[in-house]
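Next come two complexes built around chain A: one with chain B, the other with chain C.
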Partner chain A sequence: MSTVTAARKAPQSPLEATSRRSRWLVVLLLALALLWTLVPLLWMLLSSFKNRTDVTAATPQILFAPTLDNYRNLFSGPNNLGPYIWHSVLAAGISALLAVCLGALAGYGLARTQMRGKRHLAFWIISTRMAPIAAVVVPLFLIFRGLGLIDSIPGLVLAYLTFNLPFAIWLMSAFFAEVPASLEESALVAGCTRWQAFWTVVLPLTKSGLVTTFILCLVFAWNDYAFAVVFSGPNSQTLPIAASQLVTQTGVDWGQLTAIGTIVVVPMMLAGLAVRRWLVTGLTLGAVTGE
Partner chain B sequence: MAHRAASSPVLGQAARPATRAPRQPRVGFEGRMMTPGLILLAALSIVPFLALIAMSFSRVRLLGGVALDVVGLTNWVRFFTDADMWMSWLRTIVYFVLTVGLEMVLGIGIALCLYRVLRGRNILLGLLLLPMFAAPSIVGLLGRYLTDSTFGLYAWVLRSLGYGGDILGSPATAFAAVVLMDVWEWTPLIALITLAGLSSVPQSVREAAAVDGAGGWMALRYIIFPAISNVLLVALLIRSMDAIRYFDIIWVTTGGGPADATKIVPVRLYETAFRFFDLGYAAAIGLAMLAFSIIIARTFVRLLDVRGLTR
Partner chain C sequence: MATVIYDEATRVYPGSDRPAVDALDLDIKDGEFLVLVGPSGCGKSTSLRMLAGLERVDGGSISIGDRDVTHLAPRDRDIAMVFQNYALYPHMSVADNMGFALRVMKAPKEERDRRVREAARLLDLEDYLDRKPKELSGGQRQRVAMGRAIVREPKVFLMDEPLSNLDAKLRVQTRTQVAALQRRLGVTTVYVTHDQVEAMTMGDRVAVLKDGVLQQVDTPLRLYQHPANVFVAGFIGSPAMNLAEYRVEGEEAVLGQMRVRLSRETLKAIEDEGGDRVVLGFRPEAVGVVGDDDDQPAFPVTVTVVEELGSDAFLYGQHADTKDPALAGQTVIARVDPNAPPPKGATVRLRILPGKERLFSAVTGLRLPAAESSG
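Up next is the complex of A and B:
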């Protein structure tokens, strides 16, 4: 029973002792997971190309004559989707941009400051991010009503900042903490001001952090329903509201609904996958660094 | 030389002159950087928080300008004596435990499987992550389509397996359905975080385990899990805080029904506030939810501090 045989037996693959049977089990489980994950998405995509009868056929139709009618109808007729898309882009885009700008500044300050009460400050910021939407919406509704911010894009932007701003501050500070302070010190020695050191030395090093933060903020805001359903009106309704409005007492146009669903979901999936390398860091608010 | 000595402590508090400037605590560079963000954040969090407290002691009138009539503890008395409310909390706990529990188990399972895959792991993971980016309201609507009793794909599958009922129409199946929709969307997050933890276990640790003859379950139980326990805890906390934040799926599928079967606390709050416009009572519910989330946030921050996961 020498170490030699043990060492030889140990395969290179992680989680040692992969027998043939357990390898098949892994493949089977992953196949199931893929099926469970992808079937609803593919079904949504498929259904968005079905005509009225195919989309509500009692027996699911896999082979059908594809049509672009659903998408065409979304952009013509009285309930044009255009404004909804525009509202979504504006509200999500502006709030993400503001969150990243202010978050980068404040995050840098938070990462470098030595002030007393820093931990309390950090706790306040993170608990703002974690506050239940339902608990935030109620007082904001009253305040927005008083300020006339109901049914306006600025109102939505502010509402989205309630969760995006603390998220951005916290996450950017985690990214800045990774940058060694000695870099800024040498910049200062070279004659830079603190701002120049931040702007020309530190910020370029956290480019991936900025992009990740922006995209995650964008996804959170774009996907919001709970705020928009309360705060938005005809002048500010976003895509998820457009989708839910298709559900009416008289029935649902599932072809159009799956088409809107596709329009809402696909861009965010592409954006999310684009920052896959930093997703773990981003989604754990910097608590776990990826791979 | 002298230059360097003078400049190195510039970062942070040490920048203050050793003589300690009396009185006015000068706001340093860091403070100035934080100011705009923190002022906005204060406006967006402290003001609503105070408003929420005030509202919970008032009756809120919306017609003819916003006005608060102080009613003392009425909302709170109602909150603690409302039997429906207690049922909602109970349901919320069951929903919370089921969704987060299933997501943790399945997520860890998927991560362990993915971890064994060497070729194509990135593509697989990318595909498995997709649900996470979908808007929860769309997930709910899609779930409604899939479970429709006349033309839903999943309803059709279940029918051919012998179950012909209306999935979202009866309490038990509706509850299971909204749980599973949430599980569908958020299991990938757990898998992603767990996989990052697994990948950070040093090769040498695993090799040592293999040499010692610890294979399969033994290695998992005694080597791998202890090594990634911090990461798992982070995953659990992150998921827990969002589990009560999002209720979009329930709102667009069942709206809390049938027969209140899926009426978890945030759904009841929304109904109270924006269907019955009883904003005072809704504020009381909101404060109770906030207390819960603050406990989770506290745990999260303490965890980061104690284990030194960041900074």
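Up next is the complex of A and C:
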């Protein structure tokens, strides 16, 4: 015990000093990154509680009398925000759910099939995710018009699947590839059908993958503006559309705009926080086999 | 419990023109412990996976009992398999792992619990039933994998190198435990290993494979004493059999100053092949040291290494007779008296004990008809 204390009090070796200094550097950099990320969000949150004069004051106001007017205005009147939120929840939620279900099945197939050109197929699938939305919008619009999917939630769900599904397939197939094939083979020998083996053994082991995929797909769809602005109408407009409507020719209502921004950001942040345990293991992969 | 029959069972992987398993014929008796052994890539694991239904059978058939299972799904074969990495389900407790097959079969819960407890008692796992696999040591995991197979009460046990992830000492211990357990349960077992010591110590019979082709299947002792070809002779036994090709002169094979008399049958077989050479093998223990004053025919060997194991000592040396090109650079392994091993660098004179040589065709590698004095 005494030697340990002595060692601690002993003058630092150069190596220790360096490691301590580099640790401080890391902390400093992280703090800067945190500021960089959080300040705009914080500013948005503060502004959403400001009245019209405070929000546009030339000297930014840190201390002010908070008001709920912006939120109250958003939820009152004929064009209140309720339906927009509902549309967003439906479109993003259903599309993320579908993406995870289909992505898990397709990803499993992709991970387990032995076939020629498998890697090319996998790359082709993820490459569709890389196409800019602008390239997809026009053909998709024509197809949707033909199918009567313009201004409908199913239309938006489908549109979001165009970018969420390839991503979900690709991510889930990476998770399934991490699960040793012998686990399923063992289940098959034990009496399972392929589906039972998938359901009882493989799927529970990729829980973090499912959660990660769902959250990311949800965020992508939730934040979408480009598809919503083209395909949605009065019956299906989402939150980002509502936000854009506040930018008018007569001016920008910054108070309400930041209030909508807050309403868009907060649920996703809460969702992320709630599942961060899985999100972290999910994003780092490798931790799924329990070995 | 059941017999297992491979009838010309063949597996060709897509994109390969050489079969991974080539017309395998095996007849495994009820309750037998059969070991498939061979170097990596010999097709032993593929053979086992074909029996499990995890690998397609491209030709021939496989049956368990009187049932042709060639194209049945794994679940319909009534087998249990122990995998090399144990394949325990990480999200389930030990008890759930062991009872998994029964749960899938929808066996009543009481019966499931009873059978799991029985197996746990048998394998000394009772205290660990509530743990997750990752909370167990390697040896315990291995036992859970065994337990999972036992609980199933299958017709056949399939084991794919189940001991290869254990450390050396535990492996030797577990080896005897597994063999004893199998004898006790009396369940037909097919066991795959690359370790010939494991094969020899565990199997009732051992099947040696090479390049997808069955070389020989026999009891460990007969494999050791009467290998069917050069490959089996070299693969079975540790240290390996001394094997080399020698010139035949008259009725004798020429090993430098020593000559080994060949029987009429052997000579005729060599003649029929149109050759004048023979592959001669002798085990390290089939060698005697000849004293300097002894004028018995022998070949001199320069000692390079002596492995002293306590109960045994093995001499590794090079032929000292450099005049005969057939001998140059050849290593000879011999078992010598562990109490008086020759020093490194010394030259000793060795002879093959009469009748202990094994003769193989220099053309086909197959065993030649035995010498008259063969023992």
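We adopt the following convention: the second predicted complex is superposed on the first by the 238 of 291 C-alpha atoms of A that agree within 3 Å, B and C clash if a C-alpha of one lies under 4 Å from a C-alpha of the other, contacts with A are read in each partner's own complex, and residues count from 1 in each chain.
By our rule, a residue touches a chain if its C-beta (ideal position, glycine included) is under 8 Å from a C-beta of that chain, and two chains touch if they have at least 3 such contacts.
Since we're looking at a predicted model, the values are computed, not measured.
Asker: Is A:78 touching anything from chain B or chain C once the two structures are fitted on A? First, second, both or neither.
Answerer: It touches nothing on chain B or chain C.
Asker: Determine, for the superposed model, which of the two partners chain B and chain C contacts more residues of chain A.
Answerer: B
Asker: I'd like to know which partner A:185 touches here: chain B for first, chain C for second, both or neither.
Answerer: After superposition on chain A, A:185 lies in contact with both partners, chain B and chain C.
Asker: Tell me which partner A:125 touches in the superposition: chain B (first), chain C (second), both or neither.
Answerer: First partner only.
Asker: Considering only touches as defined above, state whether A:201 meets chain B (first), chain C (second), both or neither.
Answerer: After superposition on chain A, A:201 lies in contact with chain C alone.
Asker: One more residue to check, A:158. First (chain B), second (chain C), both or neither?
Answerer: After superposition on chain A, A:158 lies in contact with chain B alone.
Asker: I'd like to know which partner A:135 touches here: chain B for first, chain C for second, both or neither.
Answerer: After superposition on chain A, A:135 lies in contact with chain B alone.
Asker: Once the structures are superposed on A, label A:251 by its partner contacts, choosing first (chain B), second (chain C), both or neither.
Answerer: After superposing on A, A:251 lies clear of both chain B and chain C.
Asker: Of the residues on chain A, which ones does chain B touch that chain C also touches?
Answerer: 114, 185, 188-189, 289-291
Asker: Going by the contact rule at the top, pick out the chain A residues touching chain B in the complex.
Answerer: 3, 6-7, 10, 13-18, 22-23, 26, 29-30, 33-34, 36-41, 43-44, 47, 55-60, 102-103, 105-115, 119, 121-143, 145-146, 158, 161-162, 165-166, 169, 174, 177, 181, 184-185, 188-189, 194-195, 198, 219, 222-226, 229-230, 239-240, 243-244, 247, 254, 257-258, 260-261, 264-265, 268-269, 271-273, 276, 279-280, 283-291
Asker: Can you name the residues of chain B that touch chain A in the complex?
Answerer: Where chain B meets chain A, its residues are 3-4, 7-8, 10-14, 28-34, 36-38, 40-41, 44-45, 47-49, 51-52, 55, 60, 62, 66, 106, 109-110, 112-118, 122, 124-138, 141-146, 150-151, 153, 156, 184, 188-189, 192-193, 195-200, 206-207, 209-211, 213, 215-216, 219-220, 224, 231, 234-235, 238, 241, 244-248, 251-252, 265-266, 269-270, 273-274, 279, 282-283, 285-287, 289-290, 292-294, 296-298, 300-301, 303-305, 309-311.
Asker: Using the touch definition up top, name the residues of chain A that touch chain C in the complex.
Answerer: 114, 116, 180, 182-183, 185-193, 196, 200-201, 204-205, 289-291
Asker: Using the touch definition up top, name the residues of chain C that touch chain A in the complex.
Answerer: Of all residues in chain C, those touching chain A are 14-15, 52-54, 73-75, 77, 79-81, 83-85, 87, 89-91, 100-101, 104-105, 132-134, 148, 152, 158.
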